[in-house]
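Both of the next two complexes hold chain A, though its partner changes from chain B to chain C.
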Partner chain A sequence: MKLLTHNMLTSHVKGVVKGYPLVIKATEVKVNELEFNAQFVSRMIPKLEWSALIQAAEWLGQSQDLPSTLIPNYEKDEDFLRKVHRILLEVEVIEGCLQCPESGREFPISKGVPNMLLDEGE
Partner chain B sequence: MAPPEVYYNEEEAKKYSQNSRIIEIQTQMSERAVELLSLPEDQACYLLDVGCGSGLSGDHLSEVGHFWVGVDISTAMLDVALRREVEGDLVLSDMGQGMPFRPGTFDGCVSISALQWLCNADKKTHSPPKRLYRFFSSLYSTLARGARAVFQIYPENSEQLELITAQAMKAGFTGGLVVDYPNSSKAKKFFLCLFAGVSGVLPKGLESEATDRSVSSQAQFTAQRSRFKNMKGKSVKKSKDWIVEKKERRRRQGKGVRADTKYTGRHRRPHF
Partner chain C sequence: MESSMDRLKCVRRSKEEKKLLRRQIKISHTLLKHEGINTVSHPTKHLVVSNGGLGNGVSRESLLEVLKEGGTVESLLTPPAKPYAFVTYSSIEACQNAYTFLNGRALQCQEEQSVTIYFSYVEKVDSDRSVPCALPPGLLVLEDVVSPEEELQLLHAVDWTPHTDDVTVDSDRSVPCALPPGLLVLEDVVSPEEELQLLHAVDWTPHTDDVTVQKALKHRRVKHYGYEFRYDNNNVDKDKPLPDGLPAECDALLQRCLADGHISVLPDQLTVNQYQSGQGIPPHVDTHSAFEDTILSLSLSAKTVMDFKHPDGRSVAVVLPERSLLVMKGESRYLWTHGITPRKFDVVPVLEAGGSGVMTSDLSNLTLSRRGTRISLTFRKIRHTPCSCAYPSACDSQRLPPPPTVPVAEGDACRLESQYVHQVYEEISSHFSSTRHSPWPQVRDFLLSLPPGSVLADIGCGNGKYLGINPEVMSVGCDRSANLVQICIERGHEGFVSDALSVPLRSGSCDACISIAVIHHFSTQERRQAAVRELIRLLKVGGRALIYVWAMEQEYNNQKSKYLKERTTGTSMENGKELKTEENKTNQPEKHDRKMSSDIKCTEDGFGNVTQPRIHVHTNRTAFLSQDLLVPWHLKGNADKNKGATSSSTDVPVDKTSQSPVFHRYYHVFQQGELEEMCFSVAGVKVLRRYHDQGNWCVELEKTHYTSSKDDIAQEKV
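Entry: the complex of A and B
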């Protein structure tokens, strides 16, 4: 599970109001290399919940030097875009779980795949 | 018929990585679905693949340069996708329970041969209309305004089609059904094209060249298809551009190549 996906994932259990952001408890993390696409990263930044991304990076010990708030004119800053590219697309949680901040319900992650299957009634 | 998470066990899942006919058909349908998405040209988009399975459709999305997230209910199929090292992120999830993503996340959605599974009541507690509605309403929310969702489906009958479209409309979608090759029982394909937030013009279905003469608009759409280059600057595999380029390459290598004529790379009926 890449952090870009994590930034979009939310608990969809019925009745849960604040199912985002899911708390990451990782037991295995991998860092890969992926071709940098500045345009894509730039376009995704406005869609992100920036504080949730920073927090996720901290949980994984990968905050490096990402600013806690978005800098203006980030589209022109290639250094910054590369840092965002790395944290969004190159860091992957392989094993662990995601926890709902409201209910505490856990969604396990196995082989990089989060299990979002709900039980009857959820 | 068993529910999808049982039907797509390891043995069935293996077919999706080994059977070349299945792979070919799924890839063709994925190409057509992406075409129908009408995404802005030369832009890497963030897409959702519903019922991504072993990642055959996802591979096409990556080939064309997009980033994607796939959801599927079968661990066996997702295991195949992992072994095939697909580029998209995978999520184990039941589409009838809704899409677990924030509003406005995706630029588009594709789904190949998956939606009809929602029409079966696999458990006593399942109500197909409720599950369809939960799926469509959560999908509507998670798509960006103006985004499209394209579903390749095999509808069993008109009741099933009506059930699906009714719940989609109830969830706020506009759009309709695009039928390719309506006169060929073998080649006929159904694509449900849904628009989130904006009314769009429904694309025309593909027609077999032998049957339809009055086709200037149809031909235009077909020509557009083969001209599509992907983000990496390469022609989409098997398109007319790709064929012409490959022939040039082989000529440069000094290999014998047939001359280019007006028939080169012409779209042929699927039985070829």
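Entry: the complex of A and C
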């Protein structure tokens, strides 16, 4: 699971109001190399919940001096974009779980795949 | 008419004698009226003994003992289930003796009650029908007075032409004297000492376990060794062997059976049944998929009679003596049912040699046998591969389970989808993925039309074939099948496992969503609608969704879809080949279910109860005959074994010709306009396009405004 995906995921446990972001508890993390596409990354940034991304990076120990708030004119900052590219698309959680911040319900991540299925009645 | 008789008659009759005579006369009338037995007043060698029959609990032995007092008995006929018997004495004198002195005698019968027997003379005893052959005076029966043609004419004239309904098979009158094919009864297979050892080894001392077993089975008591036999599905938990194997005391007997060639492998399952007098077991065939061919059943402590029935109505009763072994093989194991009628007595033949054999119609040789408590030890070998016997009509491996019905309640819908969608895709994921590689052109166009930087969610992404189409777009897929999502990840895409009715993505987080060949797997209108609502929830305002579902109308504008066009004629399309068509592609044609048309609709019984229509199996590559179907998938290759599929492959029906497992996927195919109609009922949605594409109904939607879930419900009710 990449952090770009994590940024979109939320807890859908019944009755939960504050289910975002899901807490990442990773036991195995991989960093891949992916071709850098500055345009793609800068287009992604406005779609993100920036604070959730920073939080996720922290949980994985991959903060890498990313600013806690978005800097203006980030589209021109290649250095910045490369950092975002890395954290967003190259860091991958292989094993671990995602935890609902309100209910504590854990969703397992196995072989890079989060299983978000709820049981009947949840 | 003889003077000696007159002399006897001259003796003064006492009050009791008069009473006796009255009774006798009454009985004579009854015999004539109900049984057609004609009694005569003059002495003959033959007597009918009223109240002295097998049918009223009088055994042959006890009757014979009394009859001998009259004189030498030449023959005694005891028709089963009749309250009388016929005795023939060696001379008229002996017969008269019996008549005089035994009339009105009390006899002990089986139930510790006593009956009073009465004698009447009869002219002749017909041992075949136990009916005397004298016709009433003046009576004649002329046979073959009309030819069969004249018979039909006359019947037609009075409007009684026979048709199939009138034909009844009176299976009681059929008299097969042969054992069912494959059946053997081996007598004295264990000595009395071994019998005691075995009884001790299976130990009937009651303890708490037995209480629960007894509760479950209201009748006979049962115990299992090796594997637990389950009475809810008449099968065995093959993955849960019981800790102890078969008792060691059984080894000697089983080794002997092996040595004598009755079995080729040692059994690994034992069921011990205790049948008390009055207990039995209903007729059944031992589940084909649970056990291998030969089944051995050892009878201890008492004998019994086991009834075997063939599907065509033939019935054979087999005596199983104490310490005998029943060997059921082939047809007798796979096709004939066997059962024990719950009774306290059996009618058995009296044979010099032993006590086994079939029932005969020889009425001169029958008696009653009171049931004792019998312990049966049934030895079976667990089957680990599907059954491929020659009797598919009785075979659960080769025969499909009864078709499910269209669900109404949410719970039933979930269960149906779990069995006929989720579990199936998990099992077939690799093979399925190999047949899904080319994107539908119009879906590709939709994806390529998305602005760069869009966020796309593919809800029901399968193997992820649409996730990489547009590299400018951030694509994430989700599917119910973990195995399929795994394939997405292996291909470098992003995905997670989720249900389409509850997607864990934030509302309004997607610029576009696609749902290609997904919603047709939901089994109720409510669930299909909920799936559309979920897609809309994910979209931001102005976002677009594309939905594809299978169309009932596979032909549109006189053009057959690829699905119909590529009709195979027996040869299968192997997964090795490059497959040209997409979603609708499945492999071999299957036998068509003829009952389909009659129960497509809901039917209502006389009490106003509506039964849901059945979901029938569809024949691949033919037009859809109803909207709710099971579509076969013939699995090729066993790559799925590593994927941790949960269902045991031995319980999946197998295609007889190819021996490959057949899976059934549930589909609700959409009629023209149905998808659109459904989308209209969802709040905040505008239909941009609707079209037919290669056997699919398709809609492109736009989210026009934000709605809360409450709005959706209100909208639906309008």
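Keep this in mind: the second predicted complex is superposed on the first by the 122 of 122 C-alpha atoms of A that agree within 3 Å, B and C clash if a C-alpha of one lies under 4 Å from a C-alpha of the other, contacts with A are read in each partner's own complex, and residues count from 1 in each chain.
Everything below uses one rule, namely that a contact is a pair of C-beta atoms (placed from the backbone, for glycine too) under 8 Å apart; a residue touches a chain by one contact, two chains touch by 3 or more.
Please read all numbers here as calculations on a predicted model, not as lab measurements.
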Superposition on chain A - do chain B and chain C clash or fit: clash
First (chain B), second (chain C), both or neither touched by A:Lys111: both
Touched partner set for A:Gln39, first chain B, second chain C, both or neither: both
Touching partner for A:Ser68 - first (chain B), second (chain C), both, neither: neither
Chain A positions touched by chain B in one structure and by chain C in the second: 1-2, 4-5, 8-12, 20, 39-40, 43-44, 47, 111-118, 120
Touch list for chain A against partner chain B, complex: 1-2, 4-5, 8-12, 20, 37, 39-40, 43-44, 47, 49, 89, 111-118, 120, 122
Interfacial residue positions of chain A with respect to chain C in the complex: 1-2, 4-5, 8-12, 20, 39-40, 43-44, 47, 107, 111-118, 120
Footprint of chain A on chain C - complex, ascending: 414, 452-453, 455, 471-472, 474, 476, 478, 480, 482, 485-486, 489, 494-499, 502-506, 509
Footprint of chain A on chain B - complex, ascending: 43-44, 46, 67, 69, 71, 73, 78-79, 82, 89-94, 97-102, 104-105, 123, 125, 138, 231
